[in-house]
Structures are given as structure tokens and as C-alpha cells.
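Structures incoming, each one as C-alpha cells.
Two complexes are shown next, each including chain A; its partner changes from chain B in the first to chain C in the second.
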Partner chain A sequence: MITHLFRFEWMQLWKSWSFRISAVIIPFLIAYSVYLGHNRVADQHQHVQVLQDLEETFYAEMAERLRLIERGEYEVGAWFQDPANPIVLAQFGDAGRHVILHPKPLAALAAGQSDLFPYYGKVTLTNRVAMRDNAFENPVMQVTGQFDFAFVLVWLIPLFVIVLGYDVLSREKESGTYALLQSQPISIANVLLLKTLFRFLVISGIVIGSLLLFGAMFGVPLFNFGGLQVVLVVLLYIAFWFSLCVLINLYSDRSAVNAIILAGLWVFFVLILPALITLYAGKQHPVPSRAMWVTEQRAIEQSVNRQRDVLFESWKADHPEEVVEGDTPIFYQAWLQRLLTNEMIQERIDEAADRFNTPRNAQAGLINRLRLLSPPMYLQHWFQQTAGTDSDRLQTLDEQMRAFQQEWQAHFIPRFRQLDFFTSEEIQQIPRFE
Partner chain B sequence: MLKTINLTKHFNGQTAVNDLNLTIASGEIYCLLGANGAGKTTTINMLLNVFPPSAGKAMIGGMSVTENPLETKKRLTYIPENLALYPNLTGAENLRFFCGLSGLNLTNAQQEAHLTEAGLQPVAIHKRVETYSKGMRQKVGVALAIARSSDVLLLDEPTSGLDPAASNDFARLLEHMKDRGAAVLMATHDLFRAKETGTRIGIMNRGKLMDELNAADISHSDLEQVYLNHMKS
Partner chain C sequence: MIVRKIVSNELTRLFRDRVVLALAVTILTLLVVSVLIGERYYQQLSSAQSEAEYISRLQWEQQGEKNPHSAAHYGTFAFKPVNVLMVFEPGVTRYTGVSLFLEGHRQNIASNSLAEDLDASLRFAELTPSFIFTYLFPLFIIFAGFRMVVSEKESGMYRFLMAQGVSRNQLVFGKTLALWIVAALLFLPFFVMGLLITGLTSGVTSDMTRFMLLTLVWMGYFGVMIHLTIGVSSLVRHSGTAMVTLLAIWMLGSLLLPRLVTNAAASRHTVPATTEFYQAVRTDLTEGVDGHNPFSEHSLAFRDSVLSAHGVTDINELPFNFRGMMLQEAEEFEKRIYDMHFARIHAIHDRQLATFSMGSVLSPALAMRLTAMNIAGTDIHAFRHFTQEAEAYRINLMRELNHDLRDNAVGDRAVGYVAGHDFFADNPVFTYKRPSQLLSPLVTLPFMVSLFGWLMISAGFVVMAAKKEEIV
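Moving on to the complex of A and B:
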């Protein structure tokens, strides 16, 4: 019976234009989204490679120059050209390390917040600068956002499900075939269940088949546990929309009404509910504006800079063992003071940041809980997490840069304070971000 | 073959069918006449177990339709006033689909044979049903009854809207089904067709069976007079 019903449902579907058009458009949309995702990730990999190559080249050249100096074959003209100087190695020119959030294996499936948050940054002794490689962005892209598989699945696939499911029962009633079906020696509920199940399997098959095919073509690793999770989530999401179709069909016999109700539900779940959740969370936990935060940071910098001479003298008095007294190079005192001032500014900014981060984290936590109310919103977030492009992960860049900067400073600053210069061998062992 | 015992149906306090007792034997065409709202379609719907009776019993082949809905449906074919088939399938495909629902797998040759026996032109068999006239769709319904060797045919105004030639064709098909031993219950407004085709004629008014006549024993004009008398009462 199942085979019989499936066979005839397939004949019916195949002869309907709405299905034929869907069967062409869905694979096209998925192919295009996976292709764009693949390009986006490939660009990231390429950019990261360029950065790492630049870094390697810079320190190789420093080591080589230092070897020449050590052999007496080269002489530096000024202190800031001396590759043995910790300040030169850790701060000047191309010195420093890049902290990079490498794309996750399934990054091609969801651009997520990667167009808002940077995925790498440069760390030196005094600076942590997060950067993106798409500073010259097409403004139209900024408006429309990234076209990715998560967008196709979360926003567009429900529309195709609605097109194929809005009249799964009402069409039978409107056309009169329901009366004939009722007179057949089979439970009408079974017939409708199997018809819906078949449509669900066909749509899911097209979506998953296209994803696996184009994923394989564009090098997205889906034949693994992560891929299995994606497949299960796709099935659940399509099942959710088909369930809504069946539910509406059980209560309304008119296809046009069903189509309008389902379109309304799409608007509600995909657009209105996420907007309401965001508004509510913003109202519950208002976050101070970014402009206020920048202004506050500047105020802290100015405040510390005004007192830097006093603070510096006081620190030196407290830490005599950490500095070299007597005849020191010209750059020594100035850099000693600059590093200390920078450290103090950073400490105070970190303290102040809590006031901004606490409400932001509370807001994010509330949104995370309320997200469960909207399957599209939840799924969008799930894809971002799976792809590693969610704001939580991207915001860890700052923490990782901070942690690495501490390691970087611990490696260079004590030696600078003691004027303990590097050898060419030691350049090979300066910290790397792992 | 088909029997109703004190069959009664109430809807929101209104009686749609009142204490109906019918017996239709194999090889008999029973025409149920009555105005709109007389209870003809409600009777057929109870025989199809679309809804249960408020009281009494509907039986097909000796089985209660409410207690054995699937078994009784295997033995009947229902042709409504507007037989709706799947428009984007052909007549043959529709026949195969509905036969398949009762576990009957037809070969292509069988499909064509049944549809031809039901009077469908061979050229129409593999055309989409959306191009069919009402008469052609009714013929697919009859082909379904032939294919399934149905013991019972339930027809709800099957000739309404058909032109005289198509109506006559349909009457001959009913004769054919009768000869095959089917018990036919046909609800209709068409007194002429009832007299010409029916073995027995029942007249319903306000849910009650007012009269039962042998078609052979009454003329067209007398039937009309009896019918009108019952409608006035």
C-alpha cells in the first residue's frame, strides 16, 4: 500500500508545475549558496596563509640579519633597526603575531556573524588590533547580507514546503477526490499521512541530496558525524514546516486560506518573532552604546597619560630590581614608560569593560533562551555554531588575543627592562599563536 | 446484499433520515427519489460510514458498515454526482490508483479492458482526466466497479447534468452492472431515468421512506403523480 501510494503521489507531483519548478530551484539555490560559502572560506584560508607567510618571512629576515650582525658582516644604523632589540622584535614594523580563528570544517554552510566580527587580529606589545580582510566591501552586500546554505534552509525552504504542502488535504476536499477516497477500503488518515510523508521525503531528499552533492563538489566535508547532524537537523526543520501544513489542513478546508495562514506563520516565525525576541531582550538588558564605550576608553587613556610621569616614577621606586639603572640607551626610558602606561590603561579599560559586557552577556543569554520559541531562529544559531561563525565564537577572538598578548609581553618585556637582547637562535623560539 | 434497519440520523436536533428500512438484493437497481434535503445523500453517507447513524444499522454483505468499515468498503463502489478524479492523471492511471487502494493491481491490458467495457473511448483512456467530460468521468467510476467486481454500487445523482445521450449510456452501464449481479442504490431526481432503469423505486420525503414501487408496475405519468403527492404531504 505504501509503495502504491508513494508511486501515485510521485506521478502527481511530477506532473505539477509547482513541484517541477521547486525541484529545479532548490538544487540551484543550494549549489549557489554552497559555492559562495566555499569561496568565502577559501578566501579566508588564502588570506590566513598570506598573513602567516608574511610573519614567517619577517622573522626569518630578522634572524638572518641578526646572524650577519653576530658574524660582524652587517652593522645597524639606528637602535630601531637592531633585530636583537626586544622592542624591535615585538613591536616595530611587521613585528608581532596574528591571532587567527581558523574556519571550522563546516564554515561554508553559514556565514553567520563573520561579516560583522573579525576572524583574526594582530598582537604586538602595546596593540591588539582585530581585522577583517573585506574592508572594501560592496555596500549592496552589506544590505543583503551573505547568501549561505543556512539562509536557504531557514528562510527559503519553508516557502517551498508551504507550496507543496498547503493543500495536501484541502485540495482533495475542494476537488472532490476526498469523497471518493472516503469510499475506499483504506483509512483516510493513513492516505493523507502517507501522502504528506511522501512529500516530506521528496523535499528532504532534494535538499539533502543537493547539499551532499554540491558539498562534495565544493569540498565541504559532510560525510562524517558533523554532516550527519546537519542532515538530521534539516529533516527536523522540514518536518516542522510539514507538520504546520498538516495542522492547518486539519482545521481549514480551503486551500487559499491555508496558503495565507501558512505564509503568515512563515512571516511570524522567520521575521516577527526573532524581531520581538531581540526587542524584548534589548529592553530587559539595555547595552550602552558603542560610542559611549569608545568615549570612555579615550577618557581613561587621557587620564592615565596625564599622570604618567608620576605613575612611572612611583612604579620605578617600587620595582627597582626590574629596571636597569645608570647609563642606558636613548630609547630605554621612553619605552619603559610607554609600556608601563599601556599596561595601566589596559587594566583600567578591562575594569570598565565589565559594565558594558555584563548587560551584553545578559542580553545574549536571554536571547539564547528565547530562541527556542522560534525554530528558524534556533536553527540559524545552530548552523552558525556548527559553522563556527556565531558571535560567541568570534567574540572569543578578543579573549584569545588578550591571552596571547600576555604571553607575548611576558616573553619580551622582562628582557627589555633588563636590556637583555636576543640572539639569532632565540628568534626561532619566540611565541607563536596556536 | 444491502440493508438498512431502522436507519436514523439527526443533525442538531433535525431528523435527516427517519427509521429507514431498505433491502436491495443482488441484481437489483433501487432508485431513491426525493427532493433536495429528503435524506438520500445522508443515507448513502451512512452506508459509506462517513458518519455513524444516530440509530439503526446499515449493512452491506451482511456486515455492519460501522463495525467493519474497511471490509464493507471493499465490496462497494461509490459514484457521487460529480465524480472527482485526479485531473493530472489519465483515466487509466486513476483507475489503477483507486483499484490499488483495495489491493487490486491491474495490468495495462486489464485497465484498458475495464475502461472500454465501461464505455470509455479507447482514444480517451490515456488522456488526462482534466480533459474529460462529466460522463467520461462517470464511466471511469463504473470501470472501477467492474474492475473491483463490486457487489454494491452507491450512486448519488449520477445522471444529473448529463446530456440525454450520456444519461442513456450510463443507464445501459447500470443494466450491465445489474446483470453482473451488483446491488445498485441510486439516489436521483430523475423520475424518467428511475422508471426506465430501476427495478424498484423508493420515494423519500423529509427523511422518511414514503413509498416503494416496482418500476415495472407503474407508468411514467403515475410515478410522477405519486411522487408529487408525496412531496405535497
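Moving on to the complex of A and C:
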């Protein structure tokens, strides 16, 4: 009976235009989305490589120059060219390290927020600059959004499911075959279930088959635990939409009405609910103006700078053991003061930045809970997390830069204060970001 | 006469249809909420922007006694202005930075975009009129109209009507008119609200004209959807088929193609990565005067040319401060380099826009959105205009600072020269003015042509569907 039913379903599907078109379009969409994702991630890997090479070359050159100096074969023109000087090593020119959030293995599947938040930044003694790779990207791109697998699955696949499942039972009633079915030795419930199961298997087969095929083609590692999770999630999501189709078909007999209701549900889950949730969370926890923030940072800078001489003198009085007294090189006092002032400014700015982080985190927390109401919204987030392109992960960049900067400062500043210069051997051992 | 009856008949049926009524109420509620929320958001942004502008100017004037070139490094900010039409069509405003740091030697990119502080779910859907008009309103038109003609066939009324002497032409035309009326009625409350808000915020200005133009663009887009709906409804035999066909058209036109086209455009005309851009700028900058390195080849050459022009051998014998002059020379050179590189980026964006316009031939939604953004002044060109104005201001300010150094740091004042509050307070103030022109024809023409083309072709489609002889 099952084979019989499946055979008839297949003949029916095969004859319908909507199925034929879907069978062509879905693989194409998935192929293109995976291809774009592959390119995006390949670019990121390439940039990371360039940055790391740049860093390596810089410090290799510094070490080499210092070796020459140590052997007396080279002389520097000015203090700021001396590679033994901690300030030169940690702050000038190309000095400093890149802090990088490497793309995760499945990054190609969801672009997420990666077009808004940087995935790497540079740290020196005084600076912490997160760098957006795509700062010159056409913003229209951000308005329309990235074309990634997550989009194809979360937004488009349900529409295909609806097109293939809205009339799974109602068509039988409309075309008069319902009565025939009733006379068969199988219950209508079973027929409905099997028909839907068949359609579910076909669509899932197309989606998962295309994903695995094009994933393999474009080097997205899916034959592992992560891939298995993705496959399961895809199955669940498609099953969710088919079960809605079944439910509607049980209660309504008219195909056109079913189509309206299902399309309405799609609009509700995909468009309206997320919009309302975002709106509500934004209203509950508003984030203050960034324009004002810019001027506030400047005010902090100004107020510290105004008292910098006093602050500097009192700091020196409190920490006599940390500095070198007496005859020191020309740059010593100025940089000592600059580093200290910078530290104070940074501390106060970081403190003030909590004003933004607190409501933003509260917003994210609220949305995290409400997200469960809309499976598409939940799935979108799940994909971003799996791909490592969610804002939570990308926003840890600043924390990681902060942590690494502390390590960097701890390595160089005490030695600078003591005017304890580096040897060419020691240049090899300066901290790296892991 | 017959047409009028058909129209009024159809309207009565629609008003009695609970599904359509519920949808209309939903859309209307969402529209009202989106306008109210958007208006408040606009007010907040607007007041934060002017407050930030004011404070930042104050900070500039009260930066204390400083060498003018230290002030150049200290820099100041330009803040992106907002306009009331962003309530209706926010365009790219959320994704472009709100503040632009203006300093000596370099042109920065605007930073701190609003999107950075908004949750990722915003990318799903944002409750703005533009969003509702792009996605939900066409769906409403489809839901309200997909059965209009086909249901007459399904119920057997069609034969009856034909027998009564109603022509197919009259039937289709009447239904089209009815759907137009319903769409216009649903749009009307929004239109009144929009007029009120633009009027109350900026008075009877160009903003109102812009809003009217926006209305035309939106209505044009709705017209396309109305025509397609009626056309499809006239040609198919089952209302289910009509629904699915129209849904497919909607998905393709509003959802799929705009994304596909923009992504394809961006991957075909790629912009350089930020680090690459600055690396290229840095390489080019070594080819000219470096204001901070008096011993570079170009700086020495420049010094020698100045010395020989004045017939002296030492810069201290010059009647002005040489450093101020050299800094200005360097600044102008640096500007040329930056301008050149930014122009390259803009050229890439323009090529992308050209690809968008090709895509808009396939997607009326894309054509509508890009036209609306331009009219609302929330598109990439409006943003570019702002950054260019800010840049013009920056170079002006830098010139004033460098010239002050050149002219005043002479003789016994040369060492340790500082400018004070009076000087900084006298520096020009940045006030941004939007271009007075309502839309940039060169930019929007392709999109407007596509949209108009869609309107005409879809109308032709309805006429064709009405002409088709059919035996039911």
C-alpha cells in the first residue's frame, strides 16, 4: 500500500509544475548561497594570513636589525628607530599584534552579523582598533542582506514546502478523489500522513542532498558532528512547516483558503513576529545615542588631559621604585606620561561604555527568550551561532583585545619604565595572541 | 454602468470578507505603529545629532591653547544629519556611520552605525512603512484579489454574467478598479499621517513634495501587484493555482531577487578590503611631501624650491613659518591621494548600482525601493554627499590652521607658538545642507524606468487577460 501510494504521489508531483520548478530552483539557490559563503570565508582566511605575515615580517626585521646592532654592524639614526627600545617594539610603525576571531568551520553557511562587526583588530600599547574588513561595502548590501544558506533555508524553503503541501488533502476533496480514497482499505489519516511524509522526504532529500553536494564542492566540512547537527536541524525545520500544512488541511477543505492561511503563518513567523519582538526589546532597553558617545569620550579625554601633569607627578611620587630617576633619554618622561594618561583615559572610557553594553545585553537577553516564539527566528540565530557569526561572539572581540592589550602592556611597560631594553633573542619571545 | 456595479459589488464582497478585513486591520495597525515609532526614533536621533554637534563644537573652541597643528591632530567631528523621511523609508541610514572624525592628514570613514546597537533580529524584519510596503502590502493585494475573477468561474457566476451581457473586458476592468480602490483606501490613512508628520516636522517644504513623490512610487508598485493579481486571477482555472502563482511571483520579486541581485553585484564588483585600501593609500603617500618628515626626499625638494624662490638659503630667513607652509603642501597632496582612492570606491559602488538597475528590470520591488531611497534622501548618494561636504569643510579648516601657523609663528614667536580660544572660535563651523534637488535623475532614472515599465507591462497583461476568449 505504501509503495502504491508513494508511486502515485510521485507521478502526481512529477506532473506538477510547481514541483518541477522547485526541484530546479532549490539546488540552484543552495549552490549559489554556499558558493558565496565559501568566497566570503576564503577572503577572511586570506586577510588573516596577510595580517599574520605582516606581523611576522615586521618582528623578524626588527630582530635582524637588532642582531646587526648588537654585532656593531649597524647604527640607528634616531631613538625611535632603535629596535631594542620597548616603545619602538610595542607601539611604532607596524608594531603590535592582531587579535583575530578566526572563522569557524561552518562559517560559510551563515553570514550573520559579520558584515557589521569586525572579526579582527590591532592592539598596541595605547590603541585597540577593531578593523572592519568591509568598511567600503555598499550599504545597500546590508539593507537587502546577505544571500547565505541560512536565508535560503529559514526564509525560502518554507515557501516551497507550502507550495507543495497546502493542498495535500484538500485537492483530493476538490477533485473528487476523496470519496475514492475513503473506499480504500486504508484510513484517511494514514493517507494524509503518508502523502505528507512522501513530500517531506522529497523536499528534505533535495535540500540536504544539495547542501552536502555543494558543501563538498566548496569545501564546507559537513561530514562530521557539526554537519550532522545541521542536517537534523534542517529536517526538523522542514518537518515543522509540513506539520503546519497537515494541521491546516485537517481543518479546512479549500485549497485556496489553506494557501492563504499558510502564507499568513509564514508572514507571521518570519516577518511580523520578529519585527514585533525586536521592537519590544528595543523599547524595553533603549541604547543611548552613539553620536553623544563620541563627544563623551572626548570630554573624558579632555578632563584627564587637563590634569595630566598633576596626575603624573602624584603617580611618580607614589611609585618611585617603578621609574628611573636622574639623567634619562629625551623620550622617557614624555612617553612615561603619555602611557599613564592613556591608561587613565582608557579605564574611564571602558567604565562609561557599560552604559551601552548594559542595555544592549539586556536587549539581547530578552530577545533570546522571546526568540523561542518564532521557529524561523530561533533557527536563524542557531545558524549564526553554529557559523560563529552571531553578534555575541563577534562582540567578544573587544574583550579579547582588551585582555591581550593588558598582556602586551604588562610585557613592555615595566621594562620601558626601567629603561630595560630588549635583546634580539627576546624579540622572539614577545607575547602572541592565541 | 455595468463596470460601476461590478466595482461596488466587489467592494461589498471584500468588506464582508473577514479574512480580508482582518488583514487590512493588521496592516493598518502595523503601519500606524511603525510611523509613530519611527517618528519618535527620528526625533531622538535628530536631537542627539544636534546636541552632539553643539558639544563637539564647544569642545573644539575650548580645547585650550595649542599649536594649530596639534589642533589639527586633535580634530573634530561631523555628525550625519537625519531627515524626517527616514520615518517612511530609512534606506541605508541605519547602516552608515553617524559620526565622521575630521583630522589632519587623513580622510576617515564614518563610524558608529545604528545597526551595531540593534539586535541581529532586526535583519529579519524592521517595522517601517517601507518594509510593510515592500512585503506586506503586496501580500494584502494578492490575498484580497487572487480570487476576484477566478472565483466567478469556480462558482459558475461567470457563465451567468456572460449570458447577462457583461463582457469579459468589463468584468476584468471592474475587478481591477475595485482592487485599486481597496489598495488606495488602505493607503489613505497612512498618507494623511505621513503628510501631517512631514508638515509638522519641517513645514511646507521640499520634504512634503518628496513625500508626495514617494506616494507615487509606492502606488506605482502597488499598481504592478494589482495588475499581476487580476491578470493571473483571470487566466487560471483554480483559485489555489492563482494563489500559488502569485505567491511565487511575490517571493521571487520581493524576497529573492533583490538579495540575489545585490549579492551578485557585490561579488562581481568587489570593493577592496579596508586594510588593502589603507595600504594602497600609504604606498601612494610616500610619493609626496610628508609634513612630519622634513628629511624625506620630497620634503627636501619642496624646501629647496621654496628657498630658491625667495632667494634665501635657510628656512629661518623666510618671512613666514616654513613648517606651516609645508604642512599645508602635504595636506593638499594627501587630500589628492585620498580623493583618488575614494573616487575608486565610489566608481565601484556606481558599477554595483548599474547592476542593481539591471536587476530591477526583473524585480519591481528593487526598482521601487531604490527609487524611494533616493527620493527620501536616505540612499548611498545622500550619504556620499554628506561625507563630501564634511571633507570640503575639513580641508578648509586644515588650511586655516596651517596658514595661521605659517603667518603667525614667525620671528621670536616661532618657537612654542600657540593659538588660543579666539582663533579656534573663529574657525568655520560645519553646517550641512542637503542638495535642494528632489532626486538625482541620473541615479534614479533607470529604476524609475523599470518601475514605470513594470506598471505599463502589467497593465498590458491585464488587457491581454481580458481579451482572451474563454469557454467555461
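Please note the rule applied: the second predicted complex is superposed on the first by the 432 of 434 C-alpha atoms of A that agree within 3 Å, B and C clash if a C-alpha of one lies under 4 Å from a C-alpha of the other, contacts with A are read in each partner's own complex, and residues count from 1 in each chain.
We adopt the following convention: a residue touches a chain if its C-beta (ideal position, glycine included) is under 8 Å from a C-beta of that chain, and two chains touch if they have at least 3 such contacts.
No experiment lies behind these values; they were computed from the predicted model shown.
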*So if we stack both complexes on chain A, do chain B and chain C clash, or do they fit?*
fit
*Tell me which partner A:320 touches in the superposition: chain B (first), chain C (second), both or neither.*
neither
*More chain A residues in contact - chain B or chain C*: C
_Touch test for A:8: chain B only (first), chain C only (second), both, or neither?_
first
*Please work out whether A:281 is in contact with chain B alone, chain C alone, both, or neither, and reply first, second, both or neither.*
second
*What is the contact status of A:72 with respect to chain B (first) and chain C (second): first, second, both, or neither?*
neither
_Between chain B and chain C, whom does A:185 touch in the aligned arrangement: first, second, both, or neither?_
first
*For the superposed model, what is the least distance in angstrom between any CA atom of chain B and any CA atom of chain C?*
13
*Flag every residue of chain B that touches chain A in the complex, lowest number first.*
48, 50, 70-71, 73-74, 76-78, 80, 82-89, 93, 97-98, 100-103, 154
*Going by the contact rule at the top, pick out the chain C residues touching chain A in the complex.*
19, 23, 26, 30, 33, 37, 44-45, 48-49, 51-52, 55-56, 59, 63-64, 77, 79, 91-92, 95-96, 98-99, 109, 112-127, 131, 135-136, 139, 143, 146-147, 238-240, 242-244, 247-248, 251, 255-256, 258-260, 262-263, 265-267, 271-275, 277, 345, 348-349, 352-353, 356, 370, 379-380, 383
*asked:* Show me the residue ranges of chain A that touch chain B in the complex, using the header's touch definition.
replied: 1, 4, 8, 11-12, 15-16, 175-177, 179-187, 191
*chain C-touching residues of chain A, taken from the complex the two chains share*: 18, 21, 29, 32, 36, 39, 43, 47, 50-51, 112-113, 116-117, 131-147, 151, 155-156, 159, 162-163, 166-167, 170-171, 174, 254-260, 263-264, 267, 270-272, 274-279, 281-283, 287, 289-295, 298-299, 302, 306, 356, 360, 363-364, 367, 371, 376-377, 380-381, 384, 390-391
